[in-house]
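Next, two complexes with chain A in common: one pairs it with chain B, the other with chain C.
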Partner chain A sequence: MTATAAPAVLDRDGLNALVAALVAQGRTVVGPTVRDGAIVLAELSSADALPFGWGVELDAGRYRLVRREDGAAFAHSAGPQSWKNFLHPARERLWSADRTPEGDVSFTADEPETPSYAFLGVRPCDLRAIAIQDRVLAGGRYEDTGYGRRRSGAFLIAAECTEPGATCFCVSTGGGPAADPGYDLALTEMDGRFLVRVGSEEGAELLERVPHRPAGPDLEASARSAVDAARDHMGRSLPPVDLRTLMGASLDAERWDDVAARCLTCGNCTMVCPTCFCTTTEEVTDLTGDHTERWQRWDSCFDLDFSYLHGGPVRASARGRYRQWLTHKLSTWHDQFGTSGCVGCGRCVVWCPAGIDITEEVAALDAERTALGTETD
Partner chain B sequence: MAPTLAVFKLASCDGCQLTLLDCEDELLALAGEVDITHFLEASSAVAPGPYDLSLVEGSVTTAEDAERIRAIRAASRHLVTIGACATAGGIQALRNFADVDEYRRVVYAHPEYVATLATSTPVSAHVDVDFELRGCPIDRRQLIEVITAFLAGRKPDVPDHSVCFECKRRGTVCVTVAHGTPCLGPVTHAGCGALCPAYHRGCFGCFGPSGSVNLPALIPLLRRDGLDEDAVERFLHTFNAAAFDKIDKE
Partner chain C sequence: MTDVPVPYLVVDRRPETADTVTLRLEPVAEPLADFAPGQFAMVHCFGRGEIPVSVSSVQATGGLAHTIRAVGAVSAGLCEARAGDVLGLRGPYGTGWELERARGRDVVVVAGGIGLAPLRPLILRALAGPAAYGRVNVLIGARTPADLIDHKEIERWPTTYTGVTVDRPDDAWRGDVGLVTGLLDRADFAPADSWAFVCGPEPMIRATARDLADRGLRPDRIRVSLERNMRCATGHCGHCQLGPVLLCRDGPVVAWDRTEALLAVREL
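Moving on, here comes the complex of A and B:
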């Protein structure tokens, strides 16, 4: 099948043609672009809007855009948004209801026209994150139909990593800088050219429509080795222990108090996380009371209202809320969805205003456990 | 009969009640649902209470205001305070940290004409309040939401979380992380829709403390981002000075 076709190579004109072809298909092409001093994800009208010549300097709680000599388009990571901003948007109307003067009530499900998305530059960790959200939002008994609609038509163009960011740790979450299946096309940027691998029929068809050349074994081999080498250049790592056991054994750890003293409970980490999926619903009536709408919006386990039951929040303390976040990501996610909830993208590390670093917290919990003489692996 | 709505003012700048007049798209619908019987900024025709919903702007800074708010409460089925003055004492609560007599002497040619209390206090310090709507000024959409909710007999959808939630939902790049700009967003009550960060400014804290504030964690970040001790103090001592002041800093 075409999906195993030999890799091709695109130059910058080829990349332009690729985006133009997607736009011509009527797709909403979303990809990285520079705005407000960061590389954000936004609708692209052409490949020229890609962040050619921009890179990022990342640290816990710190993000800086920096110029690059080499003009690379995909030499960045851990931007302030992820694809969930498009597939699982921050706010979405689910239905509305109207009451007639006679008192009859009618309900209308909201099924807006769904954009046909093409995502350009999906990092391998983000491909895994999309697969995780697929399981959570579209894979279970209670499908989020809006997510399903947006996701099923989305065309994914991955961008593999040859230069991981200082906050990346995908390898220690079981992933890596190479794209797993699930993409339609996968790009590896090599000195201004883009090696293309095809992952689906649709990807193959699109590639046929844009000028490209066969890659040749040398380029392919050097791309593979550049991506392989990136495995050894992760900016961070999680300790090599069974994290589920560690989390389970750490419920009473002192470290939670330490991190709670630094945590602003601002919720930024959950909202930038590409796998966090929690939402709440708000009911909005209009002034007449005859029209009402139900909206779904992002929520976070750092919000006091998140665990509000009769009488007050169950997780009132910052300790309890930080522990919920970390424990859910690394441990109870397995019980619910069969995998970890962390793909090691590093966003929560970078976009935490307080610079709280998930890898550092896990290492500290592990050290505390070890000091108590309980091995976790 | 339509429920009655009243708007009252204590010590304040009028900006919050002006927000009601600023609800241009909703004003007609509102006038269709309620009978506005007391709103001096809009009309000099006033009817006596009782009022089904009273919106109160302004803080208590005089003995007369303290009396008046008790009378307003007695005449109101529901009393909602609007704005930083009414909910936290406002910018005039800076007197709470100073010698009000000295202020009076310095500012007024005839200080003896000025009768004022030593403190500026929120309405809730004097009477029971059914709901506090924050902001300096309040947000138009939130005001309509609160009025709508009271008309429908439901809880207003006015979350207690931080401005950061709104930044992230609207896709704003964090000014602290990306630019090192000091920002009060992580401790400030949401409601404005994260206005200032969207224009590359740090949050000024107009809506006062959120439901979950950790100042000892934020202050070192403000210091890291270039504010000295006095500047941090000034940053926290604006429209909601008295409310932020009540929160532990260490």
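Moving on, here comes the complex of A and C:
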């Protein structure tokens, strides 16, 4: 099995050749690049567009690009986007309907040409996020067909983490800086060279087309130890308790009022979260009124309209909406989809304009429950 | 979302109350798969949108009926549909009442307002096979006499007991006044050997299910139909969550033992 083939090593030219080979296959190559003061995910025409020499400084409600002396391409943490922007886009037409003058109505499914994506630089946390969205959108009784089309053709090149950010906490969500299975190729960046591990037949075939050398045991060992060391450098962590139980026991917690006083209910956390999948639909008609289209767009459980039922929203308060988001993410997601909804990427911490930190909130809920337990003992 | 609506022709429109109509629908070409009582369709009003509506009648021919109250833009548009109009339907979605699990036992049906509509095919099915079920009770509550749906039909149902009560009577009303739970004393059923099926506004569902459980009905035999905002009906849009439950997938009909604690939490 090629998946267990010995790791190879690419230099910068090899990386360029890798991107060129993907482009030559007709793939849309998407990867990190610098734009507007952030590292965003965008279509790359060559590996030169990667953010060589850029890193990030992260904190709650803070994101800054910083120069790196070492010229590394993948030594930055999660940016404002995730791969869901491409696999589960913010706007998508589902179907359209046309009405004839006689009143007949026909419905047409939307089956646009689907790009054949290659994602370059998928963080291990984001690899897990993709696996979670696979379960949610394609793993149940009904498949989101648009998601399924985009996902099944996507080629994934992971980039392992050797330098977690200050807002990272993947290890405490059961993940890690090493890539789980699910990638076609996995890169570990080591001083301008890239250790490559093969995860699929397709990955092996692609690697064959680009100049590479065997990695050798020394490079492989030092890459392993760099990734292992990253485990101990997480900037943050969730408390080491059963989060599902904690959330279930915390529905009446006072901490929800505390966080609700700071939360602007803007929904930023849900937009940047790589697993948040909620959508709403809109009906769009043309001027004749005889052509109508059904569009899906991202929605947020922080929006008042999200839970609207005739008479009003079910979750009118910020307390109710923040609680919905957090308990869903860490607890009821398990009931619904057999997995947690959090991978510890830290995006919700970074992009919250009020600097609300999920790890701090969970710790406070844990402390509140522990205090209550002490009182009743 | 996967499914694209299938065209259905409106063959009859019957006003039920000032704001509620029943639309009888026949497939224009191929019908959707058979609906079980309690399941719902996503009903599309051209140019306005889609809403989830439980079936209020299912025909062997593939025809079905929806009883719709005008409370928003889409439901108001659907209520204005005329015979000859074409609507789009997706489905069937969600869980049914599963009346057959009550075979050999007493049946208690409790409806509030338009909540009678999703229960109607269940009632007809229970009455169609009187040997299969024990005593069949139908308890109906409405705000006013003018808010009662299926009024003429109710009187003809050969139940063991049918009770109708209103919150606010008019001058012509000679029947009961008060909450629908007030009728439970007069219904004829053995609580330890009964199944209950409840649909209506959420406070009415809570009060009824608690009352039934207090009388000795097993909570897992009390089945209630709940309502939440829904966009996709296929478990992908996230709108219909009630804690761990996705109501489009795990509901709308759910057992009371699984639901009671969830409905007790404000803003869940």
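Everything below uses one rule, namely that the second predicted complex is superposed on the first by the 373 of 377 C-alpha atoms of A that agree within 3 Å, B and C clash if a C-alpha of one lies under 4 Å from a C-alpha of the other, contacts with A are read in each partner's own complex, and residues count from 1 in each chain.
The definition used in the following text is that contacts are C-beta pairs under 8 Å (C-beta built on N, C-alpha and C of every residue); 3 or more make two chains touch, one makes a residue touch a chain.
Fair warning: this is a prediction, and the values are worked out from it, not measured in the lab.
Participant: For the overlay on chain A, clash or fit between chain B and chain C?
Facilitator: With chain A aligned, chain B clears chain C, so fit.
Participant: Based on the superposed arrangement, let me know which partner A:61 touches: chain B (first), chain C (second), both, or neither?
Facilitator: first
Participant: For A:283, is the partner it touches chain B (first), chain C (second), both, or none of the two (neither)?
Facilitator: In the superposed model, A:283 contacts both chain B and chain C.
Participant: Is A:141 touching anything from chain B or chain C once the two structures are fitted on A? First, second, both or neither.
Facilitator: The second partner, chain C, only.
Participant: Quick check for you: in the superposed arrangement, does A:264 touch first (chain B), second (chain C), both or neither?
Facilitator: After superposing on A, A:264 lies in contact with chain B but is clear of chain C.
Participant: Can A:272 be said to touch chain B (first), chain C (second), both, or neither?
Facilitator: It touches chain B, and chain C stays clear.
Participant: Determine, under the contact definition given at the top, whether A:97 touches first (chain B), second (chain C), both, or neither.
Facilitator: A:97: touches chain C, not chain B.
Participant: For A:86, is the partner it touches chain B (first), chain C (second), both, or none of the two (neither)?
Facilitator: After superposing on A, A:86 lies clear of both chain B and chain C.
Participant: Quick check for you: in the superposed arrangement, does A:74 touch first (chain B), second (chain C), both or neither?
Facilitator: neither
Participant: I want to verify one number. Taking the Cα centroids, what angle sits at chain A between chain B and chain C, in steps of 10 degrees?
Facilitator: In the superposed arrangement it comes to 70 degrees.
Participant: Once both structures are overlaid on their shared chain, how near does any Cα of chain B get to a Cα of chain C? Whole angstrom is fine.
Facilitator: 5
Participant: Show me the chain A residues, by the header's touch rule, that chain B contacts in one structure and chain C contacts in the other.
Facilitator: Residues 282-283, 285, 289 of chain A touch both chain B and chain C.
Participant: Quick one: in the complex, what on chain A touches chain C?
Facilitator: 94-95, 97, 99, 103-109, 136-137, 140-145, 251, 277-283, 285, 289, 292, 294, 296, 299, 301, 306-311, 314-317, 319-320, 323-324, 327-328, 331-332, 335-336
Participant: Show me the residue ranges of chain A that touch chain B in the complex, using the header's touch definition.
Facilitator: Residue list for chain A touching chain B: 35-38, 40, 61-65, 80-81, 85, 90-91, 261-268, 271-272, 282-289, 297-298, 300, 302-305, 318, 350-354.
Participant: Mind listing the chain C positions that touch chain A in their complex?
Facilitator: Interface residues on chain C, with respect to chain A: 1-7, 28, 44, 46-50, 71-72, 75, 84-88, 227-229, 231-232, 234-239, 241, 243-246, 249, 265-268.
Participant: So in the complex, which bits of chain B are touching chain A?
Facilitator: For chain B paired with chain A, touching residues are 26, 29-30, 32-33, 144-145, 147-149, 151-152, 154, 157, 159-162, 164-165, 167-174, 176-180, 183, 185-187, 200, 211-212, 214, 216-218, 221.
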